[in-house]
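Please go over the structures that come below.
Each of the next two complexes has subunit A plus one other chain: subunit B in the first, subunit C in the second.
Moving on, here comes the complex of A and B:
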């Protein structure tokens, strides 16, 4: 069996987004169900059994895979919901389930041994020792790495495990290790781990004041914008705060990850797949980003030595980036 | 219930750190955590120093637990982890009193299971259900620390589950600024416009973290290198009876730079019944580096201060809010 190289994995928060990804060249699409069993639990988003069936039919007809994220942490009172979601996933004919919780993996292996398992980024596995734990116990075939490792560290992981490695390529940037961030629940009670969303919409307030537009999360002032500034969504790690008498983006700027220029390195390291973030984004975003990354990955596969990020690609990506800015994130060591 | 001193989350000078543990050996705690859990660049105490401290802890009749780094990034991080686990295995072979290791990510749990060393499943393993805890018990976990966001009702549902592993001890984070998040980025270095690789060890200047406030002056978080903490101090002393009823075996008190002995004494008196929960809380608010919070325990926002069931009104006075 040949190992996959730079498969393009694109987000779908709806059927139109899934179709846009498939039509623009995604090798795989990831999606979730309409509840807190996945880490994009936002209202109006995600799939029910009917749209799931249609999405799988559409993707498979055009040779694309469908992966289902079941990547929050099941809790005792509602464990049955996660088990039912695994059963739904297995029965639906998806190509893999993306899980974070070992207990849920044990359930999947016991009841659906044929179901291919990927380790979600929410599993916070940053070393091959951790990845090997999931392989030995549950036979996971792919792991999505948190956005914290430099490329040299990614290489070290890849050389020490047979598990396929998927990296984030583009989209919203978590500055914290995924699965290890409770800032959202500290401020408003709901965390990605248990509720499936960070800085959830129900806790967000926008208010025009004499000082400017204020964005709040459960009453906590995340940022305040002057008239000439564009107010962003109050994701709490991307607000401006005061530390030691200085007000600045203390944790991270409102910026997106864009690692497109690193594609030749990723090809050389044998990265199996590139993940595009953004299940909460529009079908137009998915179409645009998928199209650019398809072209770039094809170019790298043709001739990695002569690959150069096309200026038109970069400007197209910047247009859909948070704050119209991008960064190489942790792949580039000085970012840390 | 027993008392445990959690791992030191901050970076103090070598002298201050050794003095802290010299004192702690005389405090009425049952368990003392040792080791660097936050940042591999912090080197004023080497692993050999921590091991020496572990011997001193055991000699003082306390249980020593070596706590592992929560975020493993490099091969040298893994080397340090393997060495630490090797020591724990060696201690057991030598017939020393058992030295426990706290696994703070799944790579450590795997290596401990392989080495056959009993361990503590740390708070960053993300154990939210009894199935995952039962798996850890099979691997050799004897004790677990729930994620700091776990509410009382979830903990009670875990314990009531048929999958709950018999004999598992529960250690709850009961006092201290809450460790909330980990990053590849060092926020303390960022504050000083330094890169992580050349951080000049600025954490040394912030022995209880560097407070981050909102633009309207509300203390919100505390920067501690790559770790982000709550600005407020989680305190559950006033809910002591509930903790006992929920089956909590051990209360974890997280080290702070000042008043450590008095914090431990307040909790000891609480457990011994010489202070009521409300009295213990009154005393603790005077020892905290910031205002208290307890929201997570009741399933609310972690930063909330609810204190509903306490005998009298415990809303902090303005004096208490300004330490």
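Moving on, here comes the complex of A and C:
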């Protein structure tokens, strides 16, 4: 069996988004169920058994895979919900489940040994030793790397494991301690790891005031935008705070990862798949971003040596980016 | 009018305040009830067949306010199992503010609401969760299915308009 190279994995929060991804050339689509078993738990988003079945049918008919994110950490009182979600995933005919919690992996292996398992970014495994542990114990076949490694470190991981490696290519960045971040608990009393969202809609308030648009999370003022300023997601990590008499992005700037120009390097390293962030976004975004990345990946596969990011691709991606700007994130940095 | 002339007639970004200020100020001073009633009637005639199957229980007894910035137009309405209905202006659970062109882009699925939000072209005030739930509810509607429920010809025109906008980069 040939190893996959640069599969394009796109997000879907709804059936039309899934179809947009498939129609615009995604090799795989990842999605979640309508509850806190996945890390995009927003009102009205995601799939029920009916839309899941229709989505899988549509994707498979066009040769695309469907992956299900079950990447939050179950709590003792509600463990049955996560087990039921894995049962649903296995029965639905999806191509893989994306898990973070070792207990759920153990459940999946015991009850659904045929179910292919991917290690979620929420598992926060950054070394080949950690990834190998998950392979030996639970047979995971792919790992999504947290967005903290440089390309040289990614190469080191790929060299030392047979587990397929999936990298984030594009989309909103988070504060880089995926699966370990409790920051939103400070304002909301919930963390994304268990609740499935760092800015639950019920806690978010936007208000236009004479001083600008204010963003509050459970009453905590996290930013105030002047009329001309671009806005970011209403999460604590992307707020501006007064520190030592200065008000600034004390944790990180609202910006999107865009690693498109590194595609030839990723191809050379043997990166199995590229993940596009954004299950919370609408079908229009999924269509726009999938189209660009499909064209770019095809160009790299044709001739990596002559690959050049097309300016139209970059501006199309910048247009839909948080803060309308992009960064290479940790992928390109000289220090380790 | 062909779809392409219709398309050219759409104001383009970045011109969120395309209407002459005087006209907008005049429209803004009109009472909100008649436009809200006209909107509810039009929405029921055109959009409801495509939306009636959705689970609108989240909208029960909630009041929506759509503020069309460049037209100075405020629409207040509710949604229940039998369709849209106008409500008195002034108080709403959630308010969406954008230009007429951007609302049109959202409706035609040419633009993603988060993109408009990042660029400060869409503002959601009040009950964010309700706004999000409605946005996601509408995102679940398949455009082709919705267009097929429109009165003869109109659906085809809208889909064609959308395709043209995508091809010409007007989105």
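The criterion applied here is as follows: the second predicted complex is superposed on the first by the 328 of 336 C-alpha atoms of A that agree within 3 Å, B and C clash if a C-alpha of one lies under 4 Å from a C-alpha of the other, contacts with A are read in each partner's own complex, and residues count from 1 in each chain.
Heads up, the rule we're going with is that a contact is a pair of C-beta atoms (placed from the backbone, for glycine too) under 8 Å apart; a residue touches a chain by one contact, two chains touch by 3 or more.
Note that the structure is predicted; figures quoted are calculated from it, not measured.
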Report task. State whether A:93 touches subunit B only (first), subunit C only (second), both chains, or neither. Result -> neither
Query raised in the report: Is A:204 contacted by the first partner subunit B, the second partner subunit C, both or neither?
Result: second
Query raised in the report: Taking the superposition as given, does A:43 touch the first partner, subunit B, the second, subunit C, both, or neither?
Result: second
Query - subunit A: partner with more touched residues, subunit B or subunit C - result: B
Query raised in the report: Now for A:17: first (subunit B), second (subunit C), both, or neither, which partner does it touch?
Result: second
Requested in this report: Identify the partner contact of A:133: answer first if only subunit B is touched, second if only subunit C is, both if each is, neither if none is.
Outcome: first
Report task. Provide the residue numbers of subunit B that touch subunit A in the complex, in ascending order. Result -> 70-75, 77-78, 81, 105-111, 124, 126, 128-135, 147-149, 153-154, 157-158, 160-161, 178, 180-187, 190-191, 195-197, 210-218, 220-221, 223, 228, 230, 295-296, 299-303
Report summary line: Touching subunit B in the complex, subunit A uses residues 73-77, 79, 100-104, 106-107, 123-130, 132-134, 136-137, 147-150, 153, 156, 175-177, 179-183, 185-189, 191, 193-194, 218, 220-224, 240-244, 246-247, 250-252, 330, 333-336
Report summary line: subunit A contacts subunit C in the complex at 13-17, 19, 42-45, 51, 200-202, 204-208, 213, 225, 227-232, 254, 280-285, 288, 319-324
**Report entry** Interfacial residue positions of subunit C with respect to subunit A in the complex
**Finding:** 58, 97, 109-115, 117-120, 123-125, 128-137, 139-143, 171
